[in-house]
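The same chain A turns up in both complexes below, where it pairs with chain B and then with chain C.
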Partner chain A sequence: MTLQVTGLSKQINDRQIIQDINFEWAPGEIIGLVGRNGVGKTTLFRTMMNHYIAEAGQVSIDGEAIQQVPQRQQQLFFIDTQYNFLSTYRLWELPRFFGAVYSRFDEQRYTALLQQFKLDANSQYRRLSKGMRALVNLILALTSNATYIILDEPFDGLDVIVRENIATMVIDEVADQQKGFLISSHDLNELDGLSDRVLLLKDSRLAHDYNLEDIRARAKKIQLVLNDKVIPDVIKQQSQLIRVSGRVLVVVISDYTPAVDQKLKALHPVLFEELPLTLEDLFRANLAHDTGYQMIK
Partner chain B sequence: MQVSDQSGLPYYEQLVLRVKQQIVQGILRPGDRLPSVREMARQEQLNPNTVSKAYKQLEAQQVITTVHGKGTYVRETTPPAGDSAQVIASKKQLLTLLTEIRYLGVPLDEVVDWIRAAYEGVEK
Partner chain C sequence: MFRQKIDQLMWQRHRRILFAIALLTLLGMLIGSFVALHTVVADHGTHQMVNVGLIKQWRPYNGTYFSAYSMWLLLAAWLSGLVVMHLDLRDHFNQFLFSSGYSRKRIYWSKLKVTWSVLLLLNVVATAVDYLIFWWGTPHGYTWTIAWPGVLTSWLVGAIMSLGLFAITWFASIIVGQSGPLVITVAGFTISLAGFSGIGDTILTRGLFKLTGDQAMWVGLIVWLIAALVLFVWGAALYQHLSLEHNGEYLLFPRLRVPVYIVFVLYMTLIFSWSAVDGVSAIVAFVLSALFGYAWLWRPRLGEQWHQWRERKQG
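And now, the complex of A and B:
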């Protein structure tokens, strides 16, 4: 069982928002989608859902394109947080709509989960706080019983408790390998640990498909102070500079081999310290403009 | 994610280390039951695949054992053979590190103190 995105492209007002997006997604995975603001994350979701008509490419589930086989649509779930019809409806009314598309919609569980989180079924969606809305969106996603669930910025602006609740529900749901999640987020720390695979959207394309645990095994983040101000070649070639403050350099070396280790040690750095590598470092290393090297000259 | 200490290790390795550490410290004893993969993933807010990878490694290293349908348990510790591949690899790592420490000029007594403290589980 997999969902396959192949060659997906979308233009809006003659501007190419996403281009030739390809990836595979299997149940049991929590994939993170990261990229800077306005890079096209939500456009990718809308195009995957067929809310936008793709210029090229398709999304297929187990080999059947959802554009051609509409029944397949019910295996994929996404609530557009910007444009949706929910605002004037009361929570108890929502299962009727979702049940029309998602034939396996579990109304009993929906009601039970609302109760569990003390959400009043009589509340109007638009009267809910941001945190409650995030919960309702997730509850709808889970009870739709769709196999592939897209969550667009599910942690945005939430307090710690709600965030943990949401992460725990996602973990729980994915644990028996029946469902998969695709989660976009600006707050990379939220995805750290939760997703083991991250897609990086850059310049309207998928620039990277990372397996985070593999990367952590190979990469190192190092803080070092060198004797002189000239940045040696080994650092220029093998690493990405994350931060410079005075003489202190913080670098991410994505392939930390014994050879690199020897070269670095041969520089006899005044300070050489390994730091924990976060998702944010990878993001910075790949997306920030490489101004660092000029700063120190 | 709470596993994350000050190390850049993959999360599954951090988890493996922590379970071993808890066994050394006596927090986990032979026969104790570990949380299920799902339960551990929830507690640590980690991807279940990551936890499962850690458990597989612990199993391969005979630290824990999974009884199908019952759960995962800490194994009785058998004194490891001095020449097992794992022991040899660890020794090699330690020797590399000791070269480094010696280069930095840390006196032998101090290093021995560290080792003793860590070995007896006094220090974290």
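And now, the complex of A and C:
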């Protein structure tokens, strides 16, 4: 079972927003979609969901294009956070709509999750806070029981408790390999520890498709304290400096081989400590120069 | 009420607004009927609510005090076409529909089916209520007579007129994306149809064809019906290609801007210069409609230029 995006392109007002987007997505995967503001992340989702008519390309599920077999789209879930119809409805009314579209919509679980998060079913969607709306969106996504779930900036402007709740629910949901998530964010920290893969949009194209496990297996983040203030050549050549504070250096080495290890230890550092490697470190160290990605710190 | 899930979804979505339209229609009819029953008493020239001679003819009946097909039903059809299609766009329900897994073709025809099921039911109920009010409420000493020829013809003609008015607002709501300008556009066009029907009547009765008044009416109705069906099918074809990035713009299909402009200019020139005896009226109508149409259809760009000019002047 896979969802395949093939050659998807969309122009708006004669401007190419996304061009020739290709990727595959399987249940059990959490994919992060990153890119600078306005790069076309939401347009990609809207085009995938048939809100926008694509100039070229298609989305297919298990080999069937959703343009030809629209029923396949019921396996794909997306709530547009900017443009959705939920505003005027009360939370108890929403299952009537989603139940008519998603054949496996679980109304009991929907009600239970509303209670769990202390959301009043009688509240109007538009009266909810931003965080509550994000929770309702996620609850609808999960209870739709769609196989492929798209979340557009699900953590945007939320407090740490709600962010944790959302992240936990997403992780729990993919545990049985029946569902997959595609999560967009312009903040890499959000996707850290959540995504298996990261797609990077740049200049309207999919610039990279990273498997984070592979990258993490090769890379290391090291904190070093050297005897003098001169940065040795081995560090300049083999690593990316993340931070320099006096004689304390924090470096990321994207391809940490035994040879590099030997060279570093040959410097006889006063301190040599491996630090946890974040997604942001990886991008900063390896990819910032060719991604044009704006680091957030 | 509806067996198919897509129809149930449409019903769920639109039942409130359709119910509101039905209520408004019934209320309007009730007030109209009671006012007619009240005013007839003051008219000492007649004791007939209905002209007996006319109601027995195979012609639509629309008398001073009683109309066999209420104008409120025409308004209900006009309003329904406007709101059912436009509200889905304005409230972003189209986003949900387009990702629902139902084909756009099914969505379109289901929306039409649900709306017309309600309108037909409203036609029957409202007409029955109206007739009952007259039957019970006709003052003592007055007569209220109905006959199948007048009733059936009125109902048929009224239903076709409703269908046509519905098709106009329905189609306009597919191509126009702004609420205020949409209402102005369809209201203006609907009003202009009075002038256009006059032109048609002239062509059919005094121009090439020399038809009688009744014949011209039936030919007009058939053309009206065909035009409505064309609008439904054309609307279905356009709906298939509706891309929501133009939500909130005047024209949801930017490629239609030039054709709409040409049709608008020709139509307005024809309406305003048809009965004129000199060519000056045609030229004035053409120039004014060309200028107005350009300003209306290209106004976002003109608005931007105006703001830029003002900022330059202030800066």
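Quick note on the criterion: the second predicted complex is superposed on the first by the 221 of 297 C-alpha atoms of A that agree within 3 Å, B and C clash if a C-alpha of one lies under 4 Å from a C-alpha of the other, contacts with A are read in each partner's own complex, and residues count from 1 in each chain.
In the analysis below, contacts are C-beta pairs under 8 Å (C-beta built on N, C-alpha and C of every residue); 3 or more make two chains touch, one makes a residue touch a chain.
In this text, all values refer to a predicted model and were calculated from it rather than measured experimentally.
Of the two partner chains, neither chain B nor chain C is touched by A:Q115.
In the superposition on chain A, A:I53 makes contact with chain C only, not with chain B. In the superposition on chain A, contact of A:I12 is made with chain C only, not with chain B.
Of the two partner chains, chain C is the only one that A:Y83 touches; chain B does not reach it.
When both complexes are overlaid on chain A, the residue A:R96 reaches chain C alone and has no touch with chain B. With both structures placed on the common chain, the touch criterion links A:N227 to neither chain B nor chain C. Shared contact residues of chain A, touching chain B in one structure and chain C in the other, are absent.
Contacts from chain A toward chain C in the complex involve residues 12, 46, 49-53, 70-74, 76, 78, 80, 83-85, 87-88, 96-97, 100-101. In the complex of the two chains, the chain B residues touching chain A come out as 1, 3-13, 37-38, 41-42, 44-50, 53. Partner chain B is touched in their complex by these residues of chain A: 28-30, 164, 167-168, 171-172, 174-176, 192-196, 212-214, 216-217, 219-221, 274-277. By the touch criterion given at the top, residues 5-6, 8-9, 12-13, 91-96, 98-103, 241-245, 247 of chain C touch chain A in their complex.
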